[in-house]
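These notes are about the structure you will find just below.
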């Protein structure tokens, strides 16, 4: 591993999210921002402002410049496949906004291309880099919540009604990537039912409810909604031992861990006739709000991107995590079209045609050998 | 209408809800509480306390007493049909806890019996008598919210895991009865999908999500959950003009009406090519929290029960409202058993075999002649 | 201790608070409610309702009845002295609403009379019997908060503008009695400054700020206000180790203990020149919300009253606690009249003329022998 | 007014607040940032980052550069007088952080110097440029709140214990400048009582309560506190007609206007004997949360600074507003040293020795001719 000189990076796309990538790329020690690239050159210049030394250039010029080793892509979702593939083929490491690609198939091709070219393919699943998700992940995977009983995520606000994607593809990747990050290896979504409606005539769903059935029988529910006048972002993981609630808009106490719940008592101890009455017990313990550092998640994304390039390893949210999210989105879209029918979610491991193998440690989830 | 002397009433069932009925019956001017009746005589005596002049007696004795003109039934749901039928046949007016009966069929028989005997059959849909639901009803039915875009109700807390009913039958009647009370005549649930899970081994769902498709295409979602460590009770009605949010646990501001939202612009005004970009407009107006009286809803239930008896009219939440709720619960149970399949909700008006007719004004909803 | 038969009790005063005393007296096992007594006989009958076996009678009749061993007084503050003295002289145990009496001098006479007649004199300092105050008391007196740094109590709402007392005498007794209950023996108020205003022309203060200087140099501040459109009841005890915040209107989490704060570092360890920069250190630890039982405080008041009579001991909030509160109120009134001048608070122990002695354990605070 | 070319500006001081000034100066159209100046050159370079074209230079060099027409000063408070005076004497317009100067006398000299040199002297009273304060100002001065009954500001959090100033001088300028901005012309602070404590041995107050008596008899209270584990920033203006509450940390609803309150009824209408009982009436109307734009206040500060220079006029928060705040702080410090004694606040207009006159319109408050 050599990290003597910073990694040259370009940001592709200066729209909604691009300026945040520009700002954070500039402030990440291991990176050096070379270019901002946008079809609208004036917009790119406005984003940089009049005091900047960063250059504006077209995509081809950027990809041809050997000073650029990595790109961060924040173009519209429909173009992710094309831009990312071009960058990978030009030998660049790629950080891409969610979703990885417009279809599972294209996502798979990107993952394969990254493997083939030996380049990092990383998803900007920003929320996975918050202190809150990291803490929840530790609690869940460390067993402190006990058995998982339910998950519930509400992500609603008066959001921009997107012209090209529905609310499911726009917002739910956040929730699904968090599920992906925190679930233990043996608990994963097996099917999904999606219900949506389009009360403003947008041509696609503006309100949607996703209900995922997990492999342990529990439900994970996601409510995404562009039409809510108030913003709500709550994420709950209910466990047999503890329940953790993340209220992202609570200025004082974003995470709280409740030592309260319902537990099965040992059925062997209970008289069969009395069983219905006595088989559960209630706990009402304390609530703890852990002190968490107040980090900007996108900074951590950039740091992880730089580190995974420098250390030649898979990043925390690698292409596979993006592919797993796409598998759920694809199944949810089918369900949406079939009046909420329950649709099985394809196993990412089982659909890879090429037979390539990446080491366990290269994957975030590490559910065993992943064959492509 | 003669209301010279108060109506003699007996409360049947001294368990969880019975004491509230006892207290409110005593404080309602048009009623005189004669008896509390419970299989467990000691429990009944404990509920009344040592300073009370109210009598404890068995059901048969109570029903045989001509001083008793009405009964309020708060026995377990499984017994509602039997107890209510017995009371109706004894010529008593009946107020019954939700749900009306364990099955739609039994509910229908009760409605018919009430018709046949000319007695009031009223559901204790307590929430429908809160200031909040009345205000929401006025807003929705008065058109102030514009077109209904979505409804969302969350009713979760660390609740008693019931031995005999699942969380859907335990909690969702509250939400469904509120929907029933507030929806305009031309918007009603047509199908329902229900997903549930039983992570504590209770033998039935402890967590459930209901997604109702309304006749106008909108979704109404209900999340009921016995396993949540924190209590949440929020109810949202999103409209094209305004959205109303009811947070029942907010001590300061329970209802808020948001003049914010997304509206379709006139498609005729818009160039077809630009249409996707421009067809919606956003409003960000003020939020108003109306000053509402702080009434105990159950008192209003009792007052309405007494008034409907005295005035010989259908109460606000009559047997039909109970039957409409049963129709949804029944469909939801089928959906639950079929992995969330979308199940049509039977039209109450269309399934009545006997051909009887009650006048429009006798029904709360008045969607036209209701034939039995 | 003999508690074979319940203690006969009468409630005197059926106004604002009386009905609560009636209800709780009836539900307390060690008590038997004999009478409700009010100058307005109809009001007394309305409070009891038509189903009650409790009698209505005049004060003299009640005090003459040997079945009555104790009285609970909820008459207007101006009459407390007269009624309580009459009851003590009739040999009754007395529970009295706050404040104990209209003046310190009259309060002192009541305490002496109770001593002389060997009867319990107890203050209904209701808040001191909440789970929250008990828990705070344990934390403070158990040293878990470290050194006390500040106290802050806000008690504001749209309250009834009282005709006969100002906001200070109406509301501040709550806060002052809580201070009295929780402070450790060696920390007590030594002076008070009070500022008030009367913006509605009530003839006395409707808004008031009290700043108490404690014996350890810390400030305890109380804001009472009848004119606030929103209700706020927060109580903070800041310590060098932890800070506890009680938000009485938070439906989810009333008490929270914050392991955050500022601490002095050892000055000896610090270079004098750097001292200004380095002498404090910050902690940002977890926040814990303890699970507390949800009790009705007034029930506990009644239980303590019954127990102190039965066990022939001083109650938790005895006459001395009422007298200490009066000492502060009296000084605050002087300060109010003198534009917020700092006024010393008289030491209760030092102003007792009679020389009587009650054992340490008979006093709640037990700051050493208390001589009268 | 010529604004053809942007105004050259330098930021002096790259510590806590300086980076915000740098960022906002760069984004304000009428300004061009020429320099960042800090005694610690490396810190200045770090603040600018490696991609910036802005220069780092010393104060003398900056003041000598004719391209610099204005400076924004964010150095420690103790140096404000010296740096600002130097800048004014060099003919620069000056924006200075609060407080204007360490003493009233030095503040007066700065105001005079600005007059003498014909340069803008503006205070960065950032809060006065928020949407919330502007809206409150409009409500108060527009008479919509009715008569002012009380003001209450709480500004507490776990703040940096400053080595050189107490909590009063550190935090209260925010609250006092807001009072200054919103109060109508005929209502102003006449005296102040301040109580403070230093529980961590900082050498000066870390907790303080200020009680200002206004000219109409109302109280304005400020609680500032560096030791609170939770952050609270609430600001209340109570009026006879309405009360406005600003909760700066409420993510959903920062401002709420309550149409609730207590009002005097006409005493002439009331029988003298009944007067005490009936002289007030209560209103419980709706609460409105106005939709306010979500602006960065500091951007508005910069825009106002640029505009006041370009238009050759006094800015909204001119030197006089800074001087009025200093008059209160000075009196509060005297009160603090004298155990909370009430201290009169000097009238800014009455203490000016030089006899100079600025036109009414040059002052924000415009209480008539201001003579220096």
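Note that the chains are named A, B, C and D in the order they appear, and that numbering of residues resets to 1 at the start of each chain.
The rule we apply is simple: a contact is a pair of C-beta atoms (placed from the backbone, for glycine too) under 8 Å apart; a residue touches a chain by one contact, two chains touch by 3 or more.
Note that the structure is predicted; figures quoted are calculated from it, not measured.
Visitor: What chain is the most remote from chain D, judged by the mean position of CA atoms in each chain?
Guide: Centre of mass proxy via C-alpha means gives B as farthest from chain D.
Visitor: If you tally contacting C-beta pairs, which pair wins, C-D or B-C?
Guide: C-D
Visitor: Between chain B and chain D, tell me the centre distance in angstrom, where each centre is the average of that chain's C-alpha atoms.
Guide: Distance between chain centres, rounded to whole Å: 54 Å.
Visitor: Indicate the whole-number Å distance between the mean C-alpha point of chain B and the mean C-alpha point of chain C.
Guide: 43
Visitor: CA centre of chain C versus CA centre of chain D: separation in Å?
Guide: Chain centroid spacing, chain C to chain D, equals 40 Å.
Visitor: Where in chain D do residues touch two or more of the other chains?
Guide: 230, 260, 284, 287
Visitor: What residues on chain A touch chain B, complex-wise?
Guide: Interface residues on the chain A side: 147-150, 152, 158, 161, 163-164, 191, 193, 195-203, 206-207, 209, 211, 213, 217-219, 221, 223, 225-230, 236, 238, 240, 243, 245, 258, 260-264, 267, 276-277, 279-280, 282, 284, 287, 339-342.
Visitor: Which positions of chain B touch chain C when the two form their complex?
Guide: 26-27, 33, 49-54, 230-231, 249-252
Visitor: Touching residues of chain A toward chain C in the complex: what are they?
Guide: Within the complex, chain A contacts chain C at residues 253, 256, 259-260, 284-291.
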